[in-house]
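I am attaching a structure below and will ask some questions about it afterwards.
Order of writing sets the labels: A, B and C. Residues in every chain begin at 1.
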Amino acid sequence: MIEKNQIMRILETYDLDKLAIATVCSHSSLQIFDGARKEGFKTIGICVKKPPKFYDAFPKAKPDEFIVVDSYQDIPSIAEQLVMKNAIVVPHGSFVEYLGTDKFTDFPVPTFGNRKVLEWESDRNKEREWLEGAGIHMPKLVKPEDIDGPVMVKYHGAKGGRGFFIAKNYEEFLENVDKTLKYNIQEFIVGTRYYLHFFYSPLKTEGYTISTGVLEMLSMDRRVESNADEIFRLGSPRELEDAGIHPTYVVTGNVPLVARESLLPLIFELGERVVEESLELFDGMIGPFCLETVFTDKLEIKVFEISARIVAGTNLYPSGSPYSDLIEPGLSTGRRIAQEISLARKMKQLDKILS
Amino acid sequence: MIEKNQIMRILETYDLDKLAIATVCSHSSLQIFDGARKEGFKTIGICVKKPPKFYDAFPKAKPDEFIVVDSYQDIPSIAEQLVMKNAIVVPHGSFVEYLGTDKFTDFPVPTFGNRKVLEWESDRNKEREWLEGAGIHMPKLVKPEDIDGPVMVKYHGAKGGRGFFIAKNYEEFLENVDKTLKYNIQEFIVGTRYYLHFFYSPLKTEGYTISTGVLEMLSMDRRVESNADEIFRLGSPRELEDAGIHPTYVVTGNVPLVARESLLPLIFELGERVVEESLELFDGMIGPFCLETVFTDKLEIKVFEISARIVAGTNLYPSGSPYSDLIEPGLSTGRRIAQEISLARKMKQLDKILS
Amino acid sequence: MIEKNQIMRILETYDLDKLAIATVCSHSSLQIFDGARKEGFKTIGICVKKPPKFYDAFPKAKPDEFIVVDSYQDIPSIAEQLVMKNAIVVPHGSFVEYLGTDKFTDFPVPTFGNRKVLEWESDRNKEREWLEGAGIHMPKLVKPEDIDGPVMVKYHGAKGGRGFFIAKNYEEFLENVDKTLKYNIQEFIVGTRYYLHFFYSPLKTEGYTISTGVLEMLSMDRRVESNADEIFRLGSPRELEDAGIHPTYVVTGNVPLVARESLLPLIFELGERVVEESLELFDGMIGPFCLETVFTDKLEIKVFEISARIVAGTNLYPSGSPYSDLIEPGLSTGRRIAQEISLARKMKQLDKILS
């Protein structure tokens, strides 16, 4: 991983009055570019082969400039170019995925957030160590022989919502499992899913303060999963199994929602614990993050995963959400990121939010 | 119940230029405080033990002042304090539930809306008398021996979405019912749920006028119920029953929606009838109310319950809804309440909206 | 069908500085009137018997004037009146349905969009010819004997979501089909539904340009279908069938959503192809249209139908959507239509968008 002081030396070459915000043209880039422009930043879109035409349809979100690469693997080759343009990279999920973890962590361009978080987030064991260390309730890991209720089975390396299955009990597990693959088994939490979009600022001093900085909750969504979300129209899981049809959990989009207000204290507590633990483990997770949760009928919140950067569910809210509007009307997560960069520049503390 | 003229005498002691809006810190309080401030009112949050920290995260909605009680049961002890601060209480569902019906109806502080509605709303028989008297179609009550289709069985005192079950027929009813408890049985209406957020103003003269005042429709939502909303991923009701897993209907949040425009005449007719009947029965239900409905595939609307005050589904719309924006851009129910108080003050008719 | 040059001769009698926008009071009329007024047009609501009272509740969207007819069949009798008032008709789905295809195509009043599209849209075979000619993937038509997976069976003339059923396989098809009726059988695509709201402008030159004009994507929704969307609470399709209860697909409303950003290139490609093909087949589909799609877990998009005008799902967004806000904050489809008329007037090219 590139050293922080290397990044800071690169930053010393920057004309801070001409900072640009750069990201890969996918995932949540419309919102990131729109938000950056609203805060007065120049914007740079990194794309493969040629600029995606669809940006022409969204003039508010079209980046000022494109940098074209042959493949995402070639992004390291444009590092110097980005540096010349005083660019700060805002990494989203696809940015990290397309580039690959190693290339991303080595990428010699100042990047919003703490890249150390990747190590903790991308390894399921370390993720569990982090979250459970924070006192978060996660679905329990279960050994095959201990299955005594519904479980979710995930094959290793499963991606994009494939390679999962749900079993109501041990018999169903046995019927469905492919033992030639590696897998782990989690308790299946019966409830409803909420994806909570937080933002941690190490710079702000007013707001929901934690040990250092403040925690914000900008919005929520529920992911739309294909085909699981509408497959009930065709049959129950058992009926479908008999017909050789299997539910899958590929995310195709998002719907907006809000949570019971009486759950907000618990929601903030979860966010706070996760950040505090991250501060102890790896100097903290900076900026946006998402807790992927299930709310049970006992009004408990179980966290099944964390995303340590902007999630695509925030794309619902380029002009504000029922929560962010109570901070500042029209505030998106993309814009909030740009504000944090702006604030750090003003406070001369860019080192606190970049890596 | 405290007499209206007692409340009016208390109100005479108020400095009407310094009215404050007060409510319990839960349920829909963010929106109530945000709306009140936008209309120029001071805001007071009533909370237990200490001010909830989460308000710090939403500066637009954080009340100007907190009044701390040891428990919700102690709210009566702060009546005098609220009166000294020229406070008008805006009661939401949790306010009434936490304080208890008796203490709420006796609470000697001017309160937005007509407290007499509680008597009609909290007793299932009187609620039915009211709604059916208004010509509203409710799910039929069924005797066990008359079950000849799907039914919803509710145990008495069932709260928060537990203590219900659905049976497709008499056999399923018998299999599942706990006869040691009191229960009632309603026809289960097959359709989709819509929660319609109305507002009745006895003061306004322009708009959708009814016998006295006007009716508004500010927004709609669908409640997210845990675990019923996603349990189909695990199995069908029958499959789950065999596995000893039961659907529950605890509300964890809300999703936004709109209705077919061609249903708006019927929607307004339902709202109008309910208000007209309330005017006859108990001098009217003032301010926000919600019809909890099912839209069938014949485009009929069945009402299964009424909430005679602001509902949490309106929390989706602190900055306006697809409907309220056509009244006034950015209008929330919380803000609409504040506007009504403001209007009544200006018209010197606070007696018409307080009790 | 009325000839375009007849319409243009009528238009020559218009005072273009006093154009009015007229539509039938239903479907998406609130949004159309609201949008027209925001762009400075006078608005005219066409209604049966008397003006619908519910408009009084939405002052921003209440038309400036109503024209009352005895029945929708009588709309042709007000053509002259509309012409005297310099009216341009904005047809929505109910407008066309209520008036009837023949009367609509003959209606001698300048109408937004290309009326020739109706011929291609209202005939399932021609619709398929159009879309498949454009290279769009539609669910395959299947012969009964070839059923080898899930299918959707639609009876001819089925309307409003009734007269459909889903079968998982050939056996279920046989059990359920009513062979006394005409029907067709389509492959059932397992996935999640997205309704994509496009706008094609033959006039604009900046944006997502296609062979002539530009393509915009203004918003998306998912239709709420009664009773199919919540019937799983009662039982699985097979369990319900045994109980004599059948799912139906009547649209009662809409929920908002967004799609994965990485699907936007494909989404625009689909819209572009459909417009290009329409330009070849019948001089193009002008203005708003909707692709009714299923997103599969392979991130393919199958189109099961097209609506060649404003759809009711856009009613979610009278004040802008997560997409249209990136074009112009607060932009609705209704307002976009008014902008196009305004632009055509300014460019003296009303002939390009009216028929």
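We take it that a contact is a pair of C-beta atoms (placed from the backbone, for glycine too) under 8 Å apart; a residue touches a chain by one contact, two chains touch by 3 or more.
This is a predicted model, so every value here is computed, not measured.
Chain contacts in this assembly form a complete graph, since each chain touches every other chain.
For the touching copies subunit A and subunit C, the fraction of interface residue numbers used by both falls below half; the interface is of the different-residue type. If you average the CA atoms of subunit A and of subunit C, the two centres end up 35 Å from each other. For subunit C, residues touching at least two other chains, in rising order: 232, 236, 239, 255-256.
Contact residues on subunit C toward subunit B in their complex (touch as defined above): 26-30, 34, 52-54, 56-61, 94, 161-162, 224-227, 229-236, 239-240, 243, 245, 248-256, 312, 315-319. Against subunit B, the residues of subunit A that register as touching in their complex are 149-150, 166, 168-169, 188, 190-194, 206-209, 214-217, 220, 222, 228, 232, 236-239, 247, 255-265, 267-268, 295-299, 320, 322-323, 325-329.
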